[in-house]
Every structure is written in C-alpha cells, then in structure tokens.
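Following: one structure in structure tokens, then a few remarks.
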Amino acid sequence: MARPVVTRLVLWGALVLLLALPPLVQGLGADFAVGVATRVLIFALVGVSLNLILGYGGMVSFGHAAFFGAGAYVVAILAQHDTQGEPLVTWPIVIDGTQSALIAWPAAMVVSALLALVIGLIALRTSGLYFIMITLAFAQMLYFLFISLRAYGGEDGLSLFARSAAGPLDLADDVHFYYLVLGFVLLALWIKRRLVASRFGRALRGIRDNERRMQALGFPTFRYKLAAFVMAGAVAGLSGALIANQTEFVSPSFLDWQRSGEILVIVILGGMGRVYGPVAGAVAFLLLEEVLSAWTDHWMLVLGPILVLVVLFAKGGIWSLIERGETTDG
Amino acid sequence: MADPLLEIEGLSKAFGAVVACDAVTLSLREGEVHAMIGPNGAGKTTLLGQLTGEIRPDAGRIRFAGEDVTGLPEHARAGRGLARSFQVTSLFSRFTALDNVALAVQAQAGHSFRFWRPAARETALVAPARAALARVGLAERADVPAAALAHGEQRQLEIAMALASGPRLLLLDEPTAGMGHEDSGRMIALLSALKAEGRMTILLIEHDMDVVFALADRITVLVYGQTIATGVPEEIRANSEVRRAYLGEEAAA
Amino acid sequence: MLLVLEQVLNGLQLGVMLFLLAAGLTLVLGIMNLVNLAHGSLYMIGAFVAAGVVRVTDSFLLGLLAALPAAALVGMAVEVVALRRLYTRQHLDQVLATFGLILFFNELVRILWGPRALFMDVPHWLSDTVEIVPGAPYPAFRLAIIVVGGAVAGFLYWLVRHTRLGMLIRAGASNREMVGALGVDIKRLYTLVFGLGAMLAALAGVMAGPIYAVEVGMGEPVLIVAFVVVVIGGIGSVRGSLVGALLVGLVDTLGRAFLPTLFRAFLAPDTADGLGAALASMAIYVLMAAVLAWRPRGLFPAHG
Amino acid sequence: MMLTVEGLETCYGESRILFGMALEVDAGEVVTLLGRNGMGKTTTVRSIMGLVRPRAGRIAFEGKEIAGLPSYKVAQAGLGLVPEGRQVFPNLTVRENLLATARAPDGRRVPRWTLEAVTRLFPALGERRDAYGDQLSGGEQQMLAIGRALMTNPKLLILDEATEGLAPLIRAEIWRVLEALKAEGQAILVIDKNLEALTRIADRHTIIEKGHVVWSGDSVALAADRDLQSRYLGV
C-alpha cells in the first residue's frame, strides 16, 4: 500500500530527527535531553508491545506493567548477585548473577514471556471487564511479591551499580545507550509491521474485530491470543531491562497499576492498532508530563482532564490525525 | 441410499422455561438442499447454533459424516467441513471483501502460526479467495471494505466466505433476510447455481416461502421447537397441519 | 483462640468497609456498564471532608454529615459532566477517562488540604473497648463499623429488593432501553444511583479516617481491592459483593495475621516471615484468580 | 387524530429503512401495520417511540410534536409499547415487571389499570406472580409484556409482533384480550402477520413495503383483495 505523502514525510522526518537528536541537543548544551529521549523511546517500546495485544488483538490488559517490571527486576537481581558474588540458584544447577546484557536482557525477555504464558493461560479464559480486572490482579500480585522480597530491597527497590556490559558498546555513555534503544525500537516496529500483515497478524486482527465469527470459521482463537500475549510480554520484558539500565534503579513502583495505566494511555493517545501510534503516544505523553511539570507543581490537575478530553473527543489518537484517510490496518 | 451426511437425534435445548428445541430429529442426505421453516421463535436459530457448536444441547446427538460431533468445539466442526453463514451479517467490517474471504481460506489452510510473509501476497490464500468472490459475483468489489458494501453484497460476501472453506455442509441462516426483491432474486439465482454444481449439501433456514419453494429438495417444518413435518415441497404445501400452524390460519381461510 | 476471634472481627470490619465501596461500584457497573476507577476518589473526598470538619468542629458526627452530601454532590456532578458520555463507550475508554479523573482529584485534594496526611481521632464516645467475650476487649469504633456496615447492607437489600427504585435499578441492568420506552427517565435514575454509590464510598472513607491515614491517593489501593470484590462476587450483584467483601476481608486479615506463624512451623523464622508476608499480600489476588478460573463470571453472576 | 405520522425517514447508519412513512390512528381505533419481514414495520415503531431518531418527518400525538423526544417522554405522553421479542425483565418477578414502570395518568386517582385489573385480564399472570421473567413460557412472557404496557395506562397501545411464535391457543387468548380492550375504547396499533384475526379486530390497515405505505384501507377491502395479500404479505 502506498502511503500518502504526509505520512511518509512525518515518518522520514521523525527518523532523521531521532537519528540526529544527540548531536543536536548536545550542540545546544541540553545534554539531559538525551536521557529524556531515551526514556521516551523505552516507553514507546513497551507501548509497541501492548499495542500488539490491545490494538491488534483487542485484549485490554490492565497489567502490562507486570512484564515491564519483571524484566527490570531480572536485570537488577542478576546484577546484584554478580556484584555480591553469590549465585542466584545453587540447586539443581548453579546459576550465577551477571551484568552482561547479552545474558541478562534475553533472560528478562524469557522470564517475562513465561510470566505472560502463565497469566495468559488463566486470564484469556475470561473476557471483557473480567479480563481487565484479572490482568490487573496478576500485576498487583507481582507488585506485592516484590514489596515483600526484602532480599531485593522490598519497598525501597534495588540500585544497579552500573549499566549492563554490552561488548563494544559503552552503555554508561548516554549517547551509546540512546542509539541502542533507538535500534531496538526501530527493529520492533519493523518486526511488528511484518507480523501484523502476516497470516498470524491477520488472524489476530480478525479475532479483535469478531472473535465469534473467527471461531465459526474454524480458528482456535485462544492459541493465537495466547501467542500474541506471550510475544507482547517478552517485548515488555526487554523494555523493562532497558528502563532498569536507564535509571540504574528498580522498585516495585515499576509494576504498580498506575504504570499499567500509563502504558495504556500511551497506546491509546498515540492510536490503537496503528504501528507507529505508540511512538507518537510516548512522545506526546512524556513530553506533556515534562512540560506541565516544569510549568506547575500541580500538573496532574491539567493532565487528568486532558486524558478525559482525549477519550471523549479524540478517538483514534494522534496517529489518526497524521494518517487521516488511511485504513487502520496499514 | 447412501448414509446421511448429517443426523440429528433427539436434540433438545431449553432457555429457562422456554423450550427452544424439543427432541428434534432430522437427517440430511448428501447433496440435497434441505429447507427448515417455521415462525419466528420456533427454534430455528437455536437448532443451527447447536449444529455449529455455539450452543451446547441439553440432550441429543449430532452425527456429521459418520462421526459424533456433539461434543466438539465450534472451530473443530468448521474444520470438518461444516460452514455457516450468519443471520445478522457478521463480517470483518474493516477488512476488504477479498481479505474477508482470504481469512476464511486461511482458516482451512492449517494453522496460522506464520509470522513473517505478508498474507496479502500469498497466492495460496488470495487465489481461492478471488475464485470464491467470482462465484458469488463480487469479483469487481474485491478491494472494497466490507463495511462499505451494500446490504445485498454483504450477504453475497457471507456466502463467499462459507464457500471459501470448501464445506461439505453449508448452513445458511436466512440468506435473503432484509433484502429487496432484486437482491433476493440474485441470491436465489446464486444458490440455484451452487445447487446445480451438486458438490454441497445445504441446510437452508428461511422465512421467505418464495426462496424455499424455489430451492428446496425437502422441507422440514419446525414449530415450538418440534418438527411437525418433513417432506418434498408438494407434501408440505398439502399438509393441513403445516398450513394451520405455520402458513397461518389465514391461508386456510 | 481470642486472637483468632479478634482477627476474625478485624476481617469483618475490613470486609464491610470493602462492601460499602464495592456496592457502589457493582451497581454502577451492573446498571450503567461503567467502570469507574474514580470511585476511590469519592472515598478519599469523604475522608478529607470529614477530617476537615472534625478538625474545626471537633465533632465526628458533623464530619460525617458534611462528608456524605459533599461526596454525593461531587459524584453526581462528575456523572453529569463527564461519565454520562461514557456509558455507551468501551470499557477501555472508561478506564482511561476515569484514570484521568483520579489524577485530577488527587491533585485537587492536594491543593485544598496540602500534601501531608491528616489525622482523625476516633470519636470519644466510641474510643472505649467492648468485651465481646470476657477477657477479649475489642475497640468499640471497629465494632461500630461492623454494625453500620451490616445496617447499610440490610438497607441496600431492602432498597434493591423491595422498593420501586430497586426494581427499576434491576430492570435497567437487564434492559435499559425498555425501561426508557416504558416512561422512566433513565438518565435521572442513573444520576441518582451514582449519588447513592458516592455516598456509600464516602461513608467508607469517613469510617476509615480514624483507622488509616487520611492522605492523597488513599483511594486507589482500596479501590483495586474493591474491584477484586466486585469481580469475585459477580458484576452487578449486590449480594455477591457482600459475600465477596467478607471473603476478601477475612482472607486478607487472617492471612496477614497467621500465615507467617504458620510457616514458622516448618521454615526458618526469617524465611517464614518473608514468605508468609508475601503470600498474605497476594492472597486475595490468588483468591480472585481461583474464583475466576472456577466460575469465569464470579460467584453470583447477574441475570442476562 | 390521536397519532399522526407523516413523511417519516429513518436510517440505521448508512442504510435507509423508512422512505416517507405515513400512518394515522384515531382515538378508540385499532389500526394495523402489515408487510413482510424487513420492510420497516419495527423501525416505524421504534421511530415513533423515540428509540431511534428519525432523519426527517413529523410524528404528532394528540397535536403535540413528539419526533426527536427521548423515549421516556414519548411514553409519558401516553404511548405504551409491547416490543418485538417481548423483552420482559428476566431478573424481575411478574409482579415487579408490572409494578416497576407502572404509571397513573395525570388527574385520575384510581387508574384504569392496576395490578388487580391486569391479573383479572390475564389470570395466568396472577398465578405466576412470584416467578421471574425468564422462568415464564413464551406465552406468559407475551401476556406479561402486554400487562406491563397496560400498567402505564397508555392512551395508545402499540403491539409489535405480539403473537409471533406462540401456540394457536395462546394467540387466540391474545386476540380475545385485544378485542376486549377495543370494546372499552382503547386505541391500538398492531403489527402482526395473522390476517384473519386482524381483519376481524382492526378498523383500518396499512401495508408497508420497503419503508413506505403502498396500501391502506378497511378490513372489507383487504379481505376481498387476494392479489394484494399475496403481493405484499406473501400469503
């Protein structure tokens, strides 16, 4: 499908801007902006993962922060064991801690994916409001679990001594880290575009639009939903691993329900079921937060009503303003 | 005579105190068009729901192609060649006509755990889908989103989706409901053509007597969840009980 | 044994407070099909108004009398201004918009009463203890909460079962279009129900005041637990909410009180305490997951 | 005229159902709306009741314009609906179904229709007063839906397919009730397919085809015209 000129201009413009951002802001003496941009991109990535199940699969998960937070904790816990020199597990095999990104980050994805598998197996049997609530409940369970894990900081959280080691990349350098995150986001977007257009993606979108009919056509819909749920969990886990490195700190607040709410806001604000929507949503939401909080301490007094207005009047989110006239399944 | 393709035995279903389906027994021969008629609320749609597996019967058995399918879930029945069209048009409204049918093809093409190749470029999906669209006369409208099709065209698309799965038994729930004269004439012509091909068995649930008498080999009359008669159209026309109960007292007056 | 009795009473006390919140939630959900995350804000507003009035007048009753209508008014105003437009929207939109309302109300309360937690004393006429069984004194205030909660449950039962308003509420839950077509202004009915729910939430907030801290954000944790109650009980069922609330209250309280001790029987004290505390705080969610795995529409699924 | 409908046009989304529909019911009159399935009968009723907003046209009840009013105001003006598919409240008992939306007209102390009056009309409902709506048989549900509409003491009663799917005995009972109501001067608009009974009870008939009126006239004319019957009603 040929994209309209405006969309293409916005996409290329955004890409150029993102690539040129570090030298640009450093030139302006606003180094801190690299960190802000990295944070925006990490939230864009977790938004992309939620969008897969929410926007394309119609699954309203109100517990996505569980996977995000779990990924963050995996990195932090492995790092803690490494610095303390204590193995994570001694039986039946010895598993040592690690600070290597090559091990810790995939581990974060695997753990989050497994978590999504277990939660999905139970939650996906319900639908509608019950699904919203059961995903929320699982996230809360995990939240309270980490609060009570005093060995890993309990309520106070856990600090990382350093960012993960990633071969030739020096992640301690904000610019290196930024480009790595940007790479992940672009990769995820590319994969998602392919995925959504594939047989699997088509089945998923069919389920979103009319699950009953999909079953009548002969699709065992549960499996496809579960597969998407697990994939989204894995990517959220990776985002969590990145945020742990970005802030060099994790705490239970990474997986509380307000975090889940924010991720939902990012996806909806940007545009559900639109590949680039979550990126637009993350940029808008986090920048709005930055701007408003710089303007007044009581910025939430403004942000709250903005959300209500967005829901009431801006259906389809930011991306639909850019992509006007295109089908939502592009 | 060959074994029946579909055998229903003593199928019953009640919703609260309302008995929608009361020990219905029925068998469909391979290759016939069998019409099921009866007033609204006679239990036709409930019967259909039990055949597709969407509603669990309280009692009774359903055998399809020699196999007991009573306990099978909906998708497994569809996989065995039982396809249905919906009474209320139930399409994927954001998908194009072609993609709607391609989805039906995909359902029958084994699992959909293929994550990388764009489905829109897979000939294995697109070619049969185009063929099915052509069969129902919608070839020209392939790229129009389903929501933008006219009502009659949406019903044609429903049929195309059912055909695309290459079914052995096609369950048609009021295919001409809400259609004008012209559209329903086109639908009758389409269904006659399918019947002439002789590759499919059709169970037709219909209100419109014109459609029923134009297409059916045999007719079953369902009233208050019970079958009160089964026979060829002439027998049904002549059956006084049927005239009284369904065609209405007024017809006998 | 006395300890168990005390903890059971504590569980009941938590249960009835949860019920007050859950009753409003489940009515609004069952009838208007609205997920209102901001219900917890009404609980908070109730507590703050009461604490504010008590600080000035030193009268708990006046605080209560001010808090209930204040919360009802705020609730009805929010319904008319914003929520009314959301009834026909998807749950997702409702979740998002009411999430926005939470941010708004939390900030508003912070501006009005400042960021520090307020403290509210137990009214002096309820500050004593009562000996339920000899040798087991129990705070009169907590006992009063149980009694008030029980009375409200009885009142709600009467309201829903035996009054015309209750019939309309139930009728509206099953077929709102038909209720309108028979001549009832369903919008006004909705606003009324919303006000009632807000008042119940505020009542819970006022009673929570002397027990827990009155602080910004106090509504959210308890709101999530109230949702757990609603889901366990079955959406739309007041009776289900009562059963669910007592169940959740007991499981949570008894779990916190006894799980660590239980684990000490066969684990090292340190591990036992940690594991016991972790499991206790997760217990109600485990309960909910188990109930839903067993009955996907809750214990008392509503009709239709 | 009690009810006057003129030039009514109603659409569902993009698809237009009514094209200049017109209809009149006078006080004390029984009027039918006939036509095959899908011709716009129920849409006409829904438009009158304010359940869908017509795109154009006039609906006047006792001289007052009611088009575009919310449905509860239309009902309060004196229209009592017995909807298609009965739609009794499944989670209310028979008694509660009757009482929940009951209404006495202004200025009358004892309304014509009370719980007692309705159970006298339908003794079956009296026997099952404590059964829930979803525990009733189809016939009982239908009687309940009629009783529920009567409890609003309407000036005009509207019945949408009130005998559909019912056993002949129960149909006969419903026709008997309508005749009794007519005898005491109740205005009624009926949608049904049962021509024989309708020609007996109704004063005038309106045949609708694809959203507009193709014929209207009295029972004698309709009964005499077999061609009309087969062309538009499929009899």
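Just so it is clear, A, B, C and D label the chains in written order, and each chain counts residues from 1 on its own.
What we mean here is this: contacts are C-beta pairs under 8 Å (C-beta built on N, C-alpha and C of every residue); 3 or more make two chains touch, one makes a residue touch a chain.
All values derive from a computational prediction rather than experimental measurement.
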Centroid distance [mean C-alpha coordinates] between subunit D and subunit C, Å: 44
Rounded Å distance between subunit B and subunit D, as computed from the means of their C-alpha atoms: 32
Distance from the mean Cα position of subunit D to that of subunit A, given in whole angstrom: 55
Touching two or more other chains - residue numbers and ranges from subunit D: 90, 134
Chain contact graph, described as a line, ring, star, complete graph or other shape: ring
Interchain pairs in contact, sorted by label: A-B, A-C, B-D, C-D
Subunit C-facing residues of subunit A, complex: 54, 60, 62, 122, 125-126, 128-130, 132-134, 136-138, 140-141, 144-145, 147-151, 257-258, 261, 264-265, 268, 298-301, 303-308, 310-312
Parts of subunit D lying in touch with subunit B, wherever the complex brings them together: 15, 36-38, 90, 134-138, 141, 161, 164-168, 193-197, 210, 234-235
Residues of subunit C that touch subunit D when the two form their complex: 164, 167-168, 170-171, 173-175, 177-186, 302-304
Touch list for subunit B against partner subunit A, complex: 52, 54, 73-75, 78-79, 84, 86, 90-95, 99, 102-104, 106-108, 112-120, 122, 125, 145, 161, 165
Residue numbers on subunit D that touch subunit C, as the complex places them: 49-51, 70-72, 74-76, 80-81, 83, 87, 89-92, 96-97, 99-101, 103, 132, 134, 148-149, 152
